[in-house]
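Below is one structure, written out as structure tokens, with a few remarks after it.
First chain written, first letter: the chains are A, B, C, D and E, and each begins at residue 1.
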Amino acid sequence: MFSEFFQFTFSGVTLGAIYALVALGFTLIYNASHVINFAQGEFLMIGGMGTVVLMDAGVPIYFAIPLAIAMAGVAGILLHRLAIAPAKNADVVTLIIITIGASIFLRGLAQVFWGKEYHALPNFSATESINLGGAILLTQSLWILGIAAVLVTALGLFFTRTALGKALLATSMNKDAASLMGIKTGAILMMAFGISAVIGAAAGVIVAPITLTSYDIGIMLGLKGFIAAAIGGLGSSTGAILGGLLLGLAEAYTAGYISSDYKDAVPFVIILAILFFLPNGLLGSRAVERV
Amino acid sequence: MITTVTADPQTQQRARPADAPRPAGERADGTDAARGTPLLDLKGIRTGYGRIEALHGLDVAIHPGETVALVGANGAGKSTLLKVISGLQPLTGGTVTFDGENLNRRKAADRVHRGIVQVPEGRQVFAGLSVEDNLMLGAFSRRRDKGVADDLEAMYRRFPILKEKRRLHAGNLSGGQQQMLAMGRALMAKPRLLLLDEPSMGLAPLIIEEIFGIITELKREGITIFVVEQNASEALAIADRGYVLETGDIVATGSGQTLLNDDSVKAAYLGG
Amino acid sequence: MTALLSVDKLGKEFGGVHAVEDLSFQVEKGRIHSIIGPNGAGKTTLFNLITGLYQPSSGSVHLNGRSLAGHQPHELAPLGMCRTFQNLQICQNMTALENVMLGRHRHLKQGTFTSLFKLPALRRADQQCREECAELMEFVGCGQYIRHHASAMPYGALKRLEIARALAASPDILLLDEPAAGLNRTETDALRDVIRRIADKGITVVLVEHDMKLVMSISDQVLVLCYGRKLAEGTPEEIRANPDVIDAYLGNRHSREEATA
Amino acid sequence: MSEAIPQSPSRVRATAKWPGLTVLAVVLLVLPFLAGNDYHYDLMIKIALTAGVAVGLNLLVGYAGQISLGHAAFYAAGAYGSALLVQQFELTPVPAMVLAAVGVAVLAWLVGKPILHLKGHYLSMATLGLGVIAAIVINNEDQLTGGPDGLPVAPLSLFGHELSVFGSYDLFGVAITGTQVWYGIAAGFLFLSVLFALNLIDSPLGRALRALHGSEIAAQVAGVDTGKFKLRVFVISAVYASLAGSLYGYYGGFITPNIASFTHSIELITIVVLGGMASTYGVIVGTVILLLIPQFLTGFQELEMVLFGAILMVVMIFMPRGLVPTLARRFQKEAS
Amino acid sequence: ADTIRIGSFLSVTGPASFLGDPELKTLELYIDKINGSGGVLGKKLELIHYDDAGDASKARTFANRLLRQDRVDLIVGGSTTGATMAAVPLIEQAGVPFISLAGAETITTPVKKWVFKTPQSDRQAARRILMDMKDRGFTKIGLISGTGGFGASGRNVTKEEAGNFGIEIVADETYNPKDTDTTAQLTRIRNTDGVQAILNFDFGQGPAIVTRNYAQLGIEIPFYQSHGVASDSFLELAGDAAEGLRLPASALLVADKLPKSDPQYDVLNRYKSDYESHYNESVSTFGAYAYDGLQLAVQALMKAGSTDKAKVRDALENIDGAVGVTGTYRMSPEDHMGLTAESFRILEVKDGDWALTE
């Protein structure tokens, strides 16, 4: 029985770490602009599929991965320059619809040029799984967890310790006032999109050995990432990790103990319950507005 | 049409405190011609919101070291003019020249790096950031400068309440505290040209005195100041010169004292 | 005289900071009662407590003898209380006139079906409300913006728009938070007339303001707050002469000036 | 400057709704004459029904400023609800549709109560969750709903006559096809949707809703019980969706869980934003465009998605307020 | 008309694109070939195709467009059961012959006048698998299926048929087609008492993930997949994890390993080489559904001697012994699909490739 519990836990942690990585990508753009970037999933796709395509073209994996991630970074910057920046004074919902358009566009391009098949990436480590107390933990999960931990620390430090991080937050709170501080808001946003794309693509590469990858992998992962980010509290990188793990564990325990039919529904009920008591997610900051 | 209430350079000369050190670049005789190029030169400024034009081609020149007040009724376009100078409001005509350089194509952030700093209307503090972060962001354009930490301490000495609240989200400050923060934040940038949009709004009488004290002090340090104030009499009293703005046009200009004594200005802005 | 509003041992704490502490006072019907005090003294917080936007940590508020404990903000307009805001609360997605009409909300029918079918009675009432609200805008002095979109109005006009909106509810008691901020002397003088006329209609006014000329010339009673506590209370003359108030708030220059004014 | 002139009270009239409605009615009446074949009718019917949903959703999103990413759930609830009431309880279609709408209203009220106190993206997330749960239930309860393979729906019957899209009928001596009758129903539905929406928006209730968007605090202090009003508009927009869903089911004869999907919810919200938030006629145009683009793009085969995404982006970038409000503005500008 | 208009709506993009893509390629390839050799009844074939992206309501719209605007003579299409079923009511009312390429039994059971289909039904696949299990002596099995149309329908028929083969389903789990992990479900199955074999009924990439999880968990008991994964790309995705699993499939995957005497040998190898040389990618059993559909349509047209819809329909219903890639079709008024469970061969994965078990 214990081994079963461990197995569900490992499975949940793996899933959770994947969602958390995606959620981290949302955090950065959200913090810079309060926009939920629905094209975030597409960055994952570019990371994973880009690596596959490059490897197919004969590029060795250790070049293919950075190249694919760089490609996503460029896509992120282009997304900002060509789609977000020109819509200057658009409100947040409009920007969200633009990111939806962008995600359809990118997915379409990938489908035309990279094909519609699913692909697998090799594991990062030679040993695929380790047995702990009768339960199997994938070594790739450890990679995902490790990288998520590094990213969340880095992002946390960035927002609390660096002037640039503060400038980014300021930009989202009041763009005009930020530019009155000499903050180049355009450049800040571009940077946010670029880095966020890079984080997304890196996530796309490390999760691909588990989730497989294809031109449309971003839809599901992007959605789960958004949900994870929201339960954790939008804008909080630690929250993103917590939210991801919570979602992953809820899914695995539901599938394991309750009903696999309702595996996706039960976590939502839990999430709605959490939001009922914590309307800003687990670690989200309350909007500060005085009258 | 501009009615120059007085063109007598002597008046302007008198308006400045006798003990103020003369700003660099200004000749001793103080005549307009002799002053050299203005620090800020606005020519034919036109701008509007959608179909409505808010400024109808006005000219303003501010010389280095001057303190200039801008008065006008609600909706005259004062804030709009300051936004034009800062680059937040796009022009439909005219030029903004600062220190000899045409700024028309410069973004707001670039203008800050050149020394144009504004305390905007309505405070505009970063609500979700701490008071200290707000102040530090004021110094964003000079964030690699070693002196920032000292300036922060100086700012705290000036506004002790901000030190007390430095960990609080700026959005939780009282209105007046936010106004102090907005002022402090701008000063952290070490401006060459400081634009103040109603800096005394919402402040208690004692603090208003403090604000005007700061303005006088900055003036003494040679910083150029362009101030919009509803407390028109006090603003004009410390200003070298003033402009009167009426529905998008400059209708009068002259030394602070002259404007203070002008009957139509009195009736419109200084109360009966 | 009866106390319309009475505040009893009211307190509000924000993470260890007492924004309002052990505060008691009463506002009598038909009076203009001003509240002054240094920045951060707790004036706006007091308004937020009275109007149900904050829940008090201690103490109570009574309106017309009725306790307001646990009241939601929207329950106060029907009880005859309305207010304006220091940090403007304007609906930027509506026209100026519609903002004022919003104030009339509680006097209009808004049943779902009545609205869906737009019955004639509703239409007539709405048109009447429209005209009344336009008059109110003229009354507070922002008549020229009737057809403007709220987002296209200058700051000073928006402050008056809020007053018009609050008046539209035909309140018994009106709470004004720094209505003169952003107005020049002449405009402030006009505002004084507006407030006088409001009071003449029998509406009780509670005024928070830093403009001493306005406060001293219009108030029946002045309450001075400092660090959330009552520092002094009395007629304008008494307050102006109170050395504590001069120290904490007015400063010497002002008291001199006002004394000669 | 024109705005400096004091306004006389006679200039403060409510905006008239009849000119717009007349244009809408004329367009709806003229369209059949432009229809080349039944397939055109099919598209027009689908557009009219979807536009009806969008008009309702716009009340919630565009006017009250509350984003729902789960509205497809109500649409699906209407479609499945009425279909099942006919199938399981042998109700006739019209009462079934009404009953389903009542059920959806109750459902929306029950779920809306706890989630509508959420704000912004959190509300989006919660509504998205509701939509996902609805889709899962429909998918999994295959005994009842037919599961992922879908459910056949009995055709609509009016006055005891079954209305088949392939039938032909006699209307006061004029022979018309079933499709044309259906077009009439869909057009009528859209017209009424718009009429009710316009009434609502221009009433005190509508003003209170828009105030929620502008400043919730201002609304509260004016006496608006914001929680109650949000719930009301949520229910109203859900009923719009439910009715359209029921009609769609009767018309199509077959429904699948796809209509409850997240993608469908996204499509609905995209229509609203594309056409123009807080513009009732805008969202109709938005529907026309969003549903027609794919029809024109089918020729591009593989590139369809790329082009669709690109068009969506370009429209939103250059018309950030949505097509109709932006164009209306531009038009006014030129006119002045 | 001077052409014969063949309408089609397929899921060329979207989650079922692995079905629609080879189907469309096959149709395009062979319509070109047929036109190259003179067409049918002296007329060229014209393909009118729309991509429904796996969305049933789109499929319905496009079917409507085919029927009412393009006025096609017959329709070969419908990659998924949902898309097919959404179009069926319209097609039935319009009276146009329709050959569906989707799996579920409901498409042709009960028989609908104008609707035919080429793939074996999922019930036949389930039977074929259960037959093999019975032969190997299994009596208790675990079932894991996707919640999509294909998986859900497969799950139902498997549960219905199991008893007929003396097999009990002791564990029954599902997953969402987009899931990336199924270890929790597999763990539950493994920990159920007495499970002797596991069957995964689904198509798409889900089964590849199940297979990988199955291997990662080190589950030893025999593993079955359905015909839904019968393509080389599955082997590629599942990798080593697929070793040893069995599934029912058309002989196409092992065409070159068949004895020459096999009645399908020629058809299989011709299709395989045509497709692979033209598109430079490996053939899949799904494309073959379209191949068979087109061939049946052509045969029926020739037999009817015209494009008269009723005649073509009658001709389709009377097809008897047409050798296709998927099997040999024998239609009848009671059976609009015309294949038996035996047309499936049981394949096993050996050394990373398909192998015949018999």
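Basically, a contact is a pair of C-beta atoms (placed from the backbone, for glycine too) under 8 Å apart; a residue touches a chain by one contact, two chains touch by 3 or more.
The structure displayed is predicted, hence computed values, not measured ones.
Traced through touching neighbours, the fewest hops from subunit B to subunit E number 2.
Of all the chains, the one whose CA centre sits at the greatest distance from that of subunit D is B. The interface with the greater count of contacting C-beta pairs, when C-D is set against D-E, is C-D. Note: centroid distance subunit A to subunit B, computed from Cα atoms, is 44 Å. Averaging Cα coordinates per chain places subunit C and subunit E 74 Å apart. Here the CA centre of subunit A is 32 Å from the CA centre of subunit D.
In terms of their C-alpha centroids, the spacing between subunit A and subunit C amounts to 47 Å. In subunit B, 50, 52, 172-173 are the positions where the chain touches two or more neighbouring chains simultaneously. Counting only residues that touch two or more partner chains, subunit E has 13, 147.
Counting partner chains per residue, subunit C shows two or more touched chains at residues 44, 53, 85-87, 89. Looking at the complex, you find that subunit E touches subunit A at residues 13-15, 17-18, 21, 147, 173-176, 178, 180-185, 187-188, 191, 205, 208-209, 216-218, 233, 236-237, 239. Residues of subunit C that touch subunit A in their complex: 44, 48, 53, 85-87, 89. Only residues 12-13, 50-51, 55-58, 60-62, 64-65, 67-69, 81-82, 85-86, 88-90, 93-94, 104, 106, 147-149, 152-153, 156 of subunit E touch subunit D when the two sit together in their complex.
The residues of subunit A lying in touch with subunit C in their complex are 289-291.
Interface residues of subunit B, counted against subunit C in their complex, comprise 49-50, 52, 71, 73-76, 79, 121-122, 161, 172-177, 179-180, 198, 201-209, 230-233, 267-272.
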